[in-house]
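Supplied in structure tokens, the structure appears directly below.
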Amino acid sequence: MIGIPLTHILIFSLLLFAIGIYGALVRRNIIGILISIELILNAANINLIAFSKYTSPSPEMGQIFAIFVIAIAATSAAVGLAIVLALYRVRKTVYTDEVNLLKW
Amino acid sequence: MNRILGFFDQIFVSAKAWLLALLGRFLPDWVVVLASIVISGVVILVMGAVIMMYLTLLERKLLGRIQNRYGPNRVGKWGLLQPIADGIKMFTKEDIIPANADKIIHLLAPIVIVVPAFMIFLVVPFGRGMTAANLNIGLLYFIAVSSVTTLPIFMGSWASRNKYSLLGGMRTAAQMISYEVPMTLSVVPVIMMSQSLSTNEIVLAQSGCSGLHWFIFTPWGLAGFIVFFLCATAECNRPPFDLPEAESELVAGFHTEYSGMKFALFYMAEYMNAFTLCGIAATLFLGGWQGPFLPSWAWFFGKTFILICVMIWFRGTFPRFRVDQLMGFAWKFLLPLTLINILVAALWHFLPPVWAWLWSALILVISFFILVKLNINFVPEKRVYTLES
Amino acid sequence: MPVLEIAVKFGIYAAMGTVLIFALGVVTLRNLFHCALCLAAALIGTAVIYLGLRADFLAGIQILLYVGAVVTLVIFAIMLTEHLAGKTVRQNNSQSLPAVIGLAAFVAILAALIVKTPWPLQAASHAKISVMEIGQALMGTYVFPFEVISVILIAALIGAVVIAKKDNSGEQS
Amino acid sequence: MTFGWGVFKGMMVTLKNFVTSYACKRDNGGIFTVQYPEEREKEFENFRNFPFLVYDGTPDKVRCVACGICERECPTKCIHIEMETDAAGKPARKPAVFDIDYGLCMNCGLCEEVCPFDSIFMDCAFEVAAAERLDGLVFHKKALLKSNEYFRKVRPALASAIDQKRKAAEEKKKAQAQPPEAPKPQ
Amino acid sequence: METIPFSKNTDTAEMLEINFGPQHPSTHGVFRMAVQLEGEKICGLKPVFGYLHRNHEQIAENLPYAAVMPYTDRLDYVNALTNNFGYALAVEKLAGLEVPERAEYIRVIMAELARIVNHIAVIGFMLNDLGAFFTPLLYAFRERERILDIFEGVTGSRLMNNFFRFGGVKHDLTEADLAEIKKIIARFPAFLKEFEDLLTKNEILCMRCQNVGILSAGDAINAGITGPVLRASGVNYDIRKVDGYSIYNRFDFQVPLGKKGDVYDRYYVRILEIRQSLKILEQALAKIPQGEIMNKKALPYLKMPRNFKPPVGEAYGRIESPKGELGFYVVSDGTPQPWRYHVRAPSLINLTALEEMCLGQKVADAIVILGSIDIVLGETDR
């Protein structure tokens, strides 16, 4: 048994999650927001692994879900960054508060 | 005879075991475990540095001979002390940091880049029982760690605040991401056949025919090897895929603004990467340390050095790709070929031997030609020149 | 070997600490490039935690996909959008204080919940989960989500290409 | 032909050269490096580098008469001559100062061509180096003076031609000088 | 650094301005290309030169005619002999000097050897720009060495030959020299075959060179491009044929023409020109007569360069230098110095089409295109 209680891992991932949310809330730069979202997903992944390790009868389940989450994270990053580039090309900015028109 | 062979085969393993047993007599268990790790680590560190130094010499010698000149031959017999002279020169050179550079990252980049280069050594099976860490996900570990190499290159290129560096960094990003895909996929048939991700298991899966049952002697293995080797050449930025540091265009690419020891570290990482990638290629397709007569580590190093010589041979022969052609080559040619190769490997698994040979060879050849036809812009135009009086 | 086990335990705690520190770096640093590097460090730290939790395969995947691909993409985007002559722009909006307060409350409530909840702990086996098992599960029980993920990946690939592609039609007409 | 054939052929060429660099001699594909301080390229008589002054026998018998033609014709103006004057202040038709700035000289050989007294010639020696650019490369008369034997050694054909010419001229001069002398004894 | 006016200023956010040079590994000297990049694509390019300006023309106007000869060596320092040839031609035209038969043959032999040297060196350097790590260059230099040995033995210098004189040449070719040249010619086809095996069909080279830097025949003519670059664009214009200067009209040779005018054509036209030069050399060596190497009338001027005063007038002598039409325009006012002296440098004029060829290509192509134009900064900046 790994000598770490489950609650410690959960609180750690909670903190990570909170930090990610904070970043997503306060960042002006869209890329910064995307980075923060990656942190959030990462925190979720840690939870998945921890739960499957400590509570689940079939321990591979958590890993599989984590793999799915990673795949989704990769797609979100790819599409998000593509949007950022398209935005930058048109508006010459990547700051959310400067992108304040619905259409241009 | 066999006992002598066995002795030489296991000479390094038994040396380490003897040393650990000696320590075990008067030290607690965990110290012995620690000592085992430290011994492996020190051996890898020393070997990495020495290999890098002498690879530079080997490269210069071979290139010299290819170009009909002597390589370095003034420092020591056959220039054997040349790497040491170079090292001293690098140490004593002024370390220049551009005024606008991001100083911390500029310093960190060359340090960080050697870390993955050393870490890959962990899973390279140097001989029978000579894998530093026999991970059961060894191959995945290798792919993952080698993909980290992009980061320090980015750091160097960004921190230098130089446009050449920036362009070099961009090229690196594009190139490394692109070539990782076919490289990973070209490994898949090997994993399928050996049913393991562990590098050791993969070598053991090639042990038939007195150690000559190498994967390269099958159609899918040959195709996979060629793709893997090309991708490996691209991964460690060696010609003809050396766009990130293309001398004639970008001066030195991402390490334009580096000098002295930092520059040497970049070089060190590059050469160690070349070595490990060749070692992994030998492991995956050329049977690793398998082979008759000679000790296992001799086989491994022999195969690896032959592959490195081929890389140097490439450097001596080819001009460089252009960036769009490079990407096109990875995505439009190598990637489909690897996908087909996975299919072929599956066929190989299910068909009886002779038919498997026939079919897989046929499919690969046909798909090769179809791919060439589809990528007609890679194929040279035929031109007829007129002579007018 | 108790000593080794303690070492592993401390290793995990140390990894957690570094991950948190780097995560803070991700959300507070002004230079976006530094943020991305901190993200990479945090992700590598997470991979170490996975290793500690005996999820080797996932650790490998984490490094390969996150550090090798996602962070690279992020840095690529940063390089394309930032200017070399790093002028420092305000990176945060004015909502940091409310955000901190709200998140502190959120964390407090959830932490209390986590501590209070009686988790149905299983006697988790020491055995590592082999890659083979994961593969069989992916191809067996979870084959449907697996295929859906592949469709999503394709869609994202095409979508990203279409979005990021330069719109040349306007220039030609 | 098939895709990849050209690349393969190129690799064969480099492989061939790799092998011949070990197996063959210099002229048929072997290593063509000349390892300079130990080995040297064959020397050509026509090779010209920097000018020097020829003297016959002893260094005071300089052929140069300080006429200054080379000084005037030198395209880079790297020659500086001052004529010696004897005690009476009369010009002695001998150079007192003869400087050549090797840093300026461009080895064109025009001084050799224009010299009417067969005095200045281009040397084959090329290992000229100085630690200092301005004064170190200005060669004075003493350093420039080389014996006719040296000239014969470095450029044998030209030297013997010049020697013959000078001999013929001298004999002609003697012959010219003698006729008035011949009747004298009376 | 001053701002460079780009002809097409498309100022988008992703634009990156880069100065290639004056210190850069592949600008062939101190040449600067101010490049506007969008990603890797070139959307603006200005060649900036003058860093190697040495006042060549002004110096020449203050020197006797003969003393200019060594300065012409320093124009295109890769092939000094053809520069000598052009200048000698111009002054002989001005002074109405005849050149003896044997001297003409010697001139042609030396000029064609210089052409071979130049072309193989250019191809080698171009391949270096393409990223081939010195191998083709060193193979080329291996052969170049032999020819330079000839130059050294005959003219007295390997690069700065200063060999031609008004009304002849400075040294005679001995039988031994002729035999040596014959030997070189005999072994040259084998070398060319090896060189071509290494390069011509190489897929990477073809990918990099074909359809890159296309210069249409019309554009080339409008820009005044000459030499192999023009012929690669498919224009049959070789001054050796057009003027038939010296004794070129006595030789049987052809003018190789390209199809598309891209980098590959420029490369291959040069290879073909080397073959034609070999053909000329063979004929010249077979036919070279015995006789004088200097016009008797011009002999005294060797000793007394300041007595050489061409009649008042002007003359333009041009030759097909390996880089294009090299012309010398000399105006005499009856004094020992030329009153006006001008060089029409092919390197400079061929460079004017650089932007045309590079726009829309990748950065790496710009370097290769520059290499394929074959400039020598000594001649461009003068």
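As written, the chain order gives the labels A, B, C, D and E, with residue 1 at the start of each chain.
Just so it is clear, a residue touches a chain if its C-beta (ideal position, glycine included) is under 8 Å from a C-beta of that chain, and two chains touch if they have at least 3 such contacts.
Since the model is a prediction, treat every value here as computed from it, not as a measurement.
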| query | By the touch rule set out at the top, what is the minimum number of steps from chain D to chain E? | reply | 1
| note | By Cα centroid distance, the chain farthest from chain C is D
| said: Of the chain pairs B-D and B-C, which one is connected by the greater count of C-beta contacts? | reply: B-C
| field | Where chain C and chain E are represented by their mean Cα positions, the distance between them in whole Å | value | 60
| At what distance in angstrom does the C-alpha mean of chain B lie from that of chain A? | 33
| query | Between chain B and chain C, what is the separation of their C-alpha centroids in Å? | reply | 28
| said: Counting only Cα atoms for the centres, state how far chain A is from chain E in Å. | reply: 62
| message | Touching at least two other chains at once: which residues of chain C meet that condition? | response | 57, 61-62, 69, 73, 76, 80
| field | Multi-chain contact sites of chain A, meaning residues that touch two or more partners | value | 88-89
| message | Quick check on chain D: which residues sit in contact with 2+ other chains? | response | 3, 6-7, 10, 13-14, 17, 32
| Interfacial residue positions of chain C with respect to chain B in the complex | 1, 3-4, 7, 31, 33-34, 37, 40, 44, 56-57, 60-64, 67-69, 71-73, 75-76, 79, 84-86, 128, 130-132
| query | Where on chain D does chain B make contact in their complex? | reply | 2-3, 6-7, 10-11, 13-15, 17-18, 20-22, 29-33, 35
| message | Which residues of chain B touch chain C once you look at their complex with the stated criterion? | response | 28-30, 33, 100, 102, 105, 135-137, 140-141, 143-145, 147-148, 150-151, 154-155, 158, 161, 163, 166, 169-170, 173-174, 176-177, 180, 195, 197
| If you look only at chain C, which of its residues touch chain A in the complex? | 5-6, 8-9, 12-13, 16, 19-20, 23-24, 26-27, 32, 35-36, 39, 42-43, 46, 49-50, 52-55, 57-58, 61-62, 65-66, 69-70, 73-74, 76-78, 80-81, 89-93, 95-96, 99-100, 103, 106-107, 110-111, 114-115, 119-122, 124-126, 129, 133-134, 137-138, 142, 145, 149, 152-153, 155-157, 159-161, 163-164, 166
| note | The residues of chain E that touch chain D in their complex are 63-64, 66-71, 73-74, 135, 139, 142, 145, 149, 152-157, 160, 162, 171, 194, 197-206, 302-306
